[in-house]
């Protein structure tokens, strides 16, 4: 951003309080819990305000159907689903085009950190279920999925944390609600970043942004991901402490 | 012999002595936990845990047309899905025959047990009625899914408040009004059998041994409103009647325990 | 049933004639025929009044797709289907949730008597088609399926016979018609019983019954199954006589 | 060589001498049996057996909208299914290409042969017409399915009576009124070929040898109303014309034999 | 045709010009091109007036799924599809009953000339896509498919050429448009003929024709196929000339 | 090592030196050819070739209901299919996740970039609006499908003329009237990455090496209207911003080159 543009831009933005009383950089109340689905190899629950998501991991296990196996690495299978009663208007059960796309970008993001090469011919399944949706479900799902993989002991080079930032009611804000997403000028940018190399692996946008606005959003998002990551770590530690195990979580988690 | 097979053998031996792996007696339930309002977007929702079995259910209401043969009654639509996350043996995709059976058994209990006063869901006779969608999801499978699903569904119904109806018959979800008109609290209880023993609230491991099941749903007054024998169990007439009585008594006890408050409200009407 | 309750109960019930002139314990005209589908390994036709069902059996044959084979026993596959023109309002062709459930309970019932262990890795297919439906289609289908299995020479420990009993117009009756099922107080209870050990393997109910009423229904159903079984035996014998074969039907059939 | 292959070779050799396994001449049909009214719930229904081939067809009628380009005509919908019970090689599931082809060939015969007076099925022009559902099911497959299906469909149509229409255009099935308005009786005849020989009414075994087929549907007046060459048969122009004449003559003979009474009724109109 | 009938018949028909100014035997402008889809093993484009079709061939390659392979010959797979915007009223994407039937008759016709026995356990796929539809799409598709197979070097005993002839506005005509197909008396007869043995391998009809009319149509169709074949040959030669290859097309093409 | 693997290695080595197999520079596009009106039956249609990549898109318009939350706007429906003919690795059947992603990314560009003035497609507020169907088909896949699809879609929209609306709100396709109201020309540009290098307009072979992609769609005024990072690419913040600028500049250049005439028309409004 040029200095001039940056100055204009920041002057236009007033740090007024948001509809739910938050400041621009505030998250909604976040709750993260690990190990919530007993039968699964790993699982996590993530709550961003009224957005609530459960993720569970099975694997690695032999790929089936077998002809889809990759001889060089594990196949990562991600399924994001909203429960019919998680939204205002009942959603028909089963995947739709939106959920297929979200499943794909979540998988694409996770595949940048999971050490798939360690398990040729295998599959690792990640199921994400949205219990209640109030914006930010894909980033909550990805944050939960990343934790569930760690909980399942799947080797990862680093952790992934995700949050949506954007513009609403004239200012750049963090962790938008559905109400903010419905604002006239709203733009929502879900972003995922890795914990060590700080690389962005999920990034979507639709709306109308200048490059300067986008840059400001990206800044806020990457700062936010660092904070989310700290909460993910805490949740993992909490579970392992509870289980009375030797706590020795690698740096990347 | 795999370790699962060994466990299965062990469970079998225990059952023959009238005992269970987790120390419960044969007709003893695990702890039942009910959590209401797990999705504020639903008209009603609840999560029920029976031991490690975890089921969520939600109620959504829409405006629709009545069936031609019941022009003055609302419509009930029940679906169930065993989420792939709930057990390693569950596959993603369309609900299989077990999930369909569960949905239909729970649906019949609610419907025939008159849980909902369907006539109160009529808006314009023959034209517009409330459609109640009951959606059931198994999050973690540790056995006894029908009973847990039946309780979760009943809890979601008791949690539900009707959305506001605008003057031109559109749904206004910004405002929830009266509770859903509940008339009864039918509870399904599933009985399994090992030799002469009748067993309640089986775990997933126990169900490896006890394939067949017999579900009996009873109303507040002790009348039967739905039954389903399936999964390859054969019972004598006497066993059937014994199981029906056991289910009725258990249903009554559980209804009192987990829905005690609501029970008073419903009985008053 | 307590003596008192039983007395009250039976007094309440008057043995009046039914809409079609039958007495409470009367079946509708029943017609049973074996060997009606030439290409099939076994087949049967069952008619309960205007309810008409054909069942055919193929197998045992190697299970396909192979990964669904059971190494310890044959897989029993049952498919119950109503033809579109078998009911008042045309039914869309193909399985629906109701037919999937009926297929399942029929399979569950048959699996209590078929000696599946004798054919590991195989499949045995039972197809049932309802030509015309006037209540009681699942019990007619199961009665026909059991015969078709016998006709196909599939080893069975005993035969299965099925009938629906219930309450209609104030009394407990056998083999309800659609008209009776539509009565205000109607409850329909399909029941299947085996021929030797008299064990119940299909039992469904929905309606509102006291335990006493249910007991009375179960009594009538089990008596009726014994009669149905005699007719099944006759139909089998008739076929084998026709074929001029040595008639040597085992006791269980 | 498997026993099937041996049989196939034997059939081939016989055909080369102009003979068949069951002693019929090359253009001789097996016995045709027609049974009307196999489902009273249908507006019309029939079963046709051609030898061991067994096909049922039913007619159901509903009220629907006409197609925009034929606002004053009823609508015809034809489906066919080869039931899994009909042959070991048939798989359950959605109709395959053979069943779809059969349905479409039979449908075109009925439609283009003006079997039904579609204008009489108009209720309110452009708005409400009768929709005629023709559903065909193969119960046992012993060859020559299209011909059997065509006859069963025609028999069901001739059996059909229209349900009563209430004053507010609802269907009242408690009362059946006039017969469906039938104007013609098109019959499909399928010709197969082995070297220079043309063969009619093949059995399932014969069809192992004679893969290709040519179906010709003709009307009462001998005009052609539908044709379909398929399954990989190549014919010279002369063979095509010879087959068309054979089919027309056979169609006329069979129409007279099995629908003799109705034929008089239809011709009178 | 008897002489008398033939005379009467031909007198009834006046050779008046058609709606688009063509004479009865005239084709619409035909354009044929080979090698239009670069990734495919063979491909062709055929335009009959405003009917435009692309066909592409892949194979022979090992059949998958493997259990559908034929140990004695290659399996020929044909898929005919209309693009949603190729017709007046948008067609939903994906196969329907009409396209399944057309795919089948095209496959049946091609299978009379392709030397499938040379590639046991293999599959050869032919995809046909209708870009714009103005009648005659199946014959254009088959004409293109036949060329695409030749372009892919798949051995064929002879070439297949196809055209629709029929009756419209009182006369027998060649290569009908949609407008002619909509005439009161229209009958459309798609016909395919092979290049050497002149055998008919696709023939469909629905309408109302006397045998005499049908014979006249068949005559016109077979003459037309000979002309189409010449154009197919030219298109093949043109491609190979362009590529500067040694031109040595076998007689059958 | 297979020949493909060898090629892949060779491409990798070239890219490391900032070079490409076909001699282009890293941010150089192949020749882009646009052909309008490939189906006269469509309201608008176009074919775009980018090198050997070949994509067709068509516009069909129907009358439908608006979404409840935008009662005064038309409806946009975008589908995409990778035809089996387009590449040996494409399977027939329902669109897979890649085709769905492409359709949704292109759709968001058109929608959020305000390519169409959706308010002008309202006929009767809250009741009747034009539904615009955008159908995209990949005929030959030689890489960079999203960009080619975005251009083909935009070309089809610019080609489109609205059908006539009769007095009783029926579509009369015999007469096409005004052009579709186009307000902007958003163009998606996809950036791939190899080490520090950003690469544009990759071929199918190059995409064997460069799996991840980042698509940025920009409007005439240079604003961003859609982005999608996917296929397993991880970028630093700086790389993202560099890619966004590269995409914006390229988009502007290509818009001018292939839609120069229309651009003037659109800007004038």
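Should a chain be cited, it is by its letter among A, B, C, D, E and F, assigned in written order, with residues numbered from 1 in that chain.
The rule we apply is simple: a contact is a pair of C-beta atoms (placed from the backbone, for glycine too) under 8 Å apart; a residue touches a chain by one contact, two chains touch by 3 or more.
Just so it is clear, the structure is predicted and the values come from calculations on it, not from any experiment.
Under the touch definition stated at the top, subunit B and subunit D share these contacting partners: C.
For subunit F, the chain with the farthest CA centroid is C. Relative to subunit E, the chain whose mean Cα position lies farthest away is B. Each chain gets a centre from the mean of its Cα atoms; for subunit A and subunit D, those two points are 59 Å apart.
Work out the mean CA point of subunit D and of subunit E, and you get 27 Å between them. Subunit B and subunit F have Cα centroids lying 49 Å from one another. Looking at subunit F, one finds that none of its residues touch two or more other chains. Not a single residue in subunit E touches at least two other chains. Every residue of subunit E that touches subunit D in the complex is listed here, in rising order: 97-98, 100-101, 103-105, 108-109, 111-112, 189, 194, 197-211, 214-215, 218-219, 222.
Interface residues of subunit B, counted against subunit A in their complex, comprise 38-43, 45, 52, 54, 56, 58-60, 62, 79, 81, 83-88, 92, 94, 133, 135, 137, 139-142, 173, 204.
The residues of subunit E lying in touch with subunit F in their complex are 37-40, 43, 50, 52, 54-56, 58, 61, 79, 81, 83-88, 90, 93-94, 125, 127, 129, 131-134. By the touch rule above, subunit D contacts subunit E in their complex via residues 97, 100-101, 103-104, 108, 111-114, 212, 214, 219, 222-237, 240-241, 244-245, 248.
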